[in-house]
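Labels run A, B, C and D following the written order; every chain starts at residue 1.
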Amino acid sequence: MHTRIVEVVEENPAVKTFRFRYNVKVLPGQFCMVWDGAGEEVPMSFSYTGKIKGVTVKKVGKTTDLLHRRKPGEVLRIRGPFGTHYPVSSKKYLLVSGGTGIASLAPAAEKIVGRGGKCRFVAGFRNASEIFFIERLRNAGIDVEIATDDGSAGFRGFVTELAGKLFAGESFDYIIACGPVQMLKEIGRRFAEKVETYISIESLMKCGIGLCDSCSILGYRVCREGPVFRAGELIEKGWLEE
Amino acid sequence: MKNPFILASGILDTYAETMLRVAEDAGAVVTKSIGMEERKGYENPVIFEFEHGVLNAMGLPNPGIERFGEEMKKLRGCRAPVIGSIFGKNEKEFAHLAERMEEYGAAAVELNLSCPHASGYGMEVGRDPALVKAIVRAVKEAVQIPVFVKLTPNVSDITVLGMAAEEAGADAVVAINTVRGLRIDLEFKRSVLTAGIGGYSGPGILPIGLRCVFELKKVLRVPIVGCGGITTWENVIEYLMAGASAVEIGTALRNDVRLFKNLGRGVKQYMKRKGYERVEEVVALAHQNR
Amino acid sequence: MKNPFILASGILDTYAETMLRVAEDAGAVVTKSIGMEERKGYENPVIFEFEHGVLNAMGLPNPGIERFGEEMKKLRGCRAPVIGSIFGKNEKEFAHLAERMEEYGAAAVELNLSCPHASGYGMEVGRDPALVKAIVRAVKEAVQIPVFVKLTPNVSDITVLGMAAEEAGADAVVAINTVRGLRIDLEFKRSVLTAGIGGYSGPGILPIGLRCVFELKKVLRVPIVGCGGITTWENVIEYLMAGASAVEIGTALRNDVRLFKNLGRGVKQYMKRKGYERVEEVVALAHQNR
Amino acid sequence: MHTRIVEVVEENPAVKTFRFRYNVKVLPGQFCMVWDGAGEEVPMSFSYTGKIKGVTVKKVGKTTDLLHRRKPGEVLRIRGPFGTHYPVSSKKYLLVSGGTGIASLAPAAEKIVGRGGKCRFVAGFRNASEIFFIERLRNAGIDVEIATDDGSAGFRGFVTELAGKLFAGESFDYIIACGPVQMLKEIGRRFAEKVETYISIESLMKCGIGLCDSCSILGYRVCREGPVFRAGELIEKGWLEE
């Protein structure tokens, strides 16, 4: 479906959020295929799942660079929502994001709190200048802690370490995480055996509808059986050794 | 083959792990079409889904025959025979690819003479009966395993191609590959696919595939594998009655990786109800009743 | 023409009264294809409707060119130009039929070189570029009114036919007629149509029609009339962008004889929204944006 | 849809009713295309519109002859219901049938009575041996009078005359009629200007779905704008002179 961009928000120098109307039910963790008619069609997680949907795009290459030039009023084609979603309930959650991983976790955190669940959120960034969405989360009453690689804000070090510290002091029903694959594997190694752990992974998407096999890992189509997986399921199949 | 359902080439068959999953319920699986060299394929969008089916112009992305050996190795224990699909520019390439597939342990090779959107390959080769003959001959000389020839419906008369394949020694023909098609994006005023024209698959092409199988059955003695648009078990029976001895299925798997299991149940119940014991009894029935 | 919507041949156009009704909203109407002699057509069933469209094998039923004069007389006051569709075995028949249509007051003739299910006629003639040329030449010599040539998609390369028609002097080409197709009845174990193979029309063939128009637009200078699968105004725009200057619509009229009115509204609103004033501005846009 | 014949009833030497399950809502006056896979596909009015549907077939040629050989358990393919239906309400009706025309009027009469309407039914036949469905109608509490051409039962003469007599003595809100075209024209001539008159007409059907024009008269597709027409509408277009 085609939709017009209603708002563009610069989250940090390399990340912009595009808001648009898309009248379809979307669950946190699901993604869409976004096409502006000029660049490539690319997968993006929904960073807003309410009435005005949104995707939050990091400029990393040709297409994301083109997308960053899009202005309100311009048209995007959205296919989706596709894929699995984060478990959302009134239980107690530890959410762990790395970089733009925060984009897909933010709506999950809001939904959990909305359902009466409890969230602790640890968000990792390379440095202070890359931080975004923290205000949004705090406004929703979510307790966020930050980790940066260089210590320019919050905890100095990997977000997985920070998560480990929190986990040592408190008990959680779920851990859900989104970020670079190395981070997700570390999450898997640390927590998957101890608590229900869900992770959202990226993969090369072409069709988005479970047809082409380009996104598959370990026999799972990331576009359909993922992008949100129970970490234990992947680990059983040898994901950590991959 | 434990059942007449074969995974069609290009759908969930680039990686061994996915194929192994589909193979649990399949009579056989065909690999993604593999060429001489790695190809990335076209840029996205390569797929357009609509009410009546799917348009795709993937551009034959594949790791190349050398690297595909790794996947074939992982397929050694596969519960269903693995048919290696290959595409090349000419006899020589096809013969080489087929040899490698045989070495890798493929139970048969399927010659993709029918992909409608990769220039220099597929149907651009497979539309010419003389070339079809030459390629099939070369492959038959190169390998011992059965040779399936996958035909394009984008021709004036598919029986000419079928007969060329049969004369050259093909062990079976597969009909059909996708139908050349186009859709246009009204906002972007261009094709919905980067490549422009693509291949149309899914339920909207069912009547075309059935017609091709019906036409081929009238002139061929080798078995025909029906393909194109199958979504329900009824569609499978239609293909059998039109003259197919087995069927390949692609697009419909996107919504149900265990589709073959469900289709199998439907086909079995139908046969029981009608008093047929073997699939062969159903094959080509529509030719008897005019 | 007051709008780009033309009633396609074979749908609601055997009797003048029905045509007059459709003509209220149409830019033009094409008559049922008329031949030298009366034909009853095939026995029922001649139609099969399914989710993705319609299969038909009517068998070109028509009253013959002599008796059709009565209908043409009643069409004299028609609000839209009447295009006489004709089918014949050879140049001579086509030339004769065209002359009669001209005498009857037809605004143009459309040569049915594409019906997929009547032996000796339609696409059996229209698949051969040399025959197409000869027939178009003969008709051009016989009449003054414009000559439209309706092409079949059931060929390896429709552009070859389009170029043959253009070279021979055709004033426009129409693409496409129905796609050869088959469905099988599981209970009766035979084709759903008496004639066996039929012609597939309706929304499921839209991508095929669009592809043909797109291909033709690349090589032709004469106007192209797009046809096949149009159901919505968006489909109309797609045809225009693919390269059609007008469109013919058949199958979709069954559910709405006033369809053209509704499509017209949609097209107009789209054009206004995008700032286009004339239909011509939309034609072939998809060729600019690659 | 395919269905099995559950019952065959011989109504008279030339007419049989075939009953079958067909789980679709059908209104009295609508028809279907019936195919047995051997003969031609032919249009037939529904003579039963309840749970177990039915068509009542007169043997007049090749296909109806083949149909008459069909036994319970054999398969028919039914397409439909197609077309318009009789107006059915709690008003007062005069129903007029000629020959097998009674087949499509019978369910209308039953529905009218079921709705609390009033029916007088006059049924014409060539002779007494052709009479059928009268029991059925009387069982439904409908007052039926019969006309035969030869006087072998009931009134001697055309059913239109008998209808005229009734009409002279009583007032009706609607007349609905089904039978041979000459009878229907006579109905039109006699009554159309005086009372709302609906007639069901036959025509050569091929597609049944409004596509092929084979059934059209006066610009109307009998398969869609008919088979039940307001007589006045046809008369305005010159039907009586055709």
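Worth pointing out:
What we mean here is this: a residue touches a chain if its C-beta (ideal position, glycine included) is under 8 Å from a C-beta of that chain, and two chains touch if they have at least 3 such contacts.
Not measured: the values here are computed from a predicted model.
The chains in contact with subunit A as well as with subunit D do not exist; no chain meets both.
Note: centroid distance subunit C to subunit D, computed from Cα atoms, is 37 Å. Subunit A and subunit C have Cα centroids separated by 52 Å.
Taken residue by residue, subunit B touches two or more other chains at 186, 188, 190, whereas all remaining positions touch fewer.
In terms of inter-chain touching, the protein chains here are arranged end to end in an open line. Chain pairs that touch, as defined above: A-B, B-C, C-D. Residues of subunit C touching subunit B in their complex: 51-53, 55, 127, 154-156, 179-184, 186, 188-191, 196-197, 200, 203-208, 210-211, 214-215, 234, 237-238, 241-242, 270, 285-286, 288-290. By the touch rule above, subunit A contacts subunit B in their complex via residues 2, 33, 35, 37-38, 40-42, 75, 77, 79, 205-214, 216-219, 221, 224. Those residues of subunit C that touch subunit D in the shared complex are 10-15, 17-18, 20-21, 32, 41, 43-47, 49, 54, 56, 58, 61, 185-188, 190, 194, 250-251, 253-255, 257.
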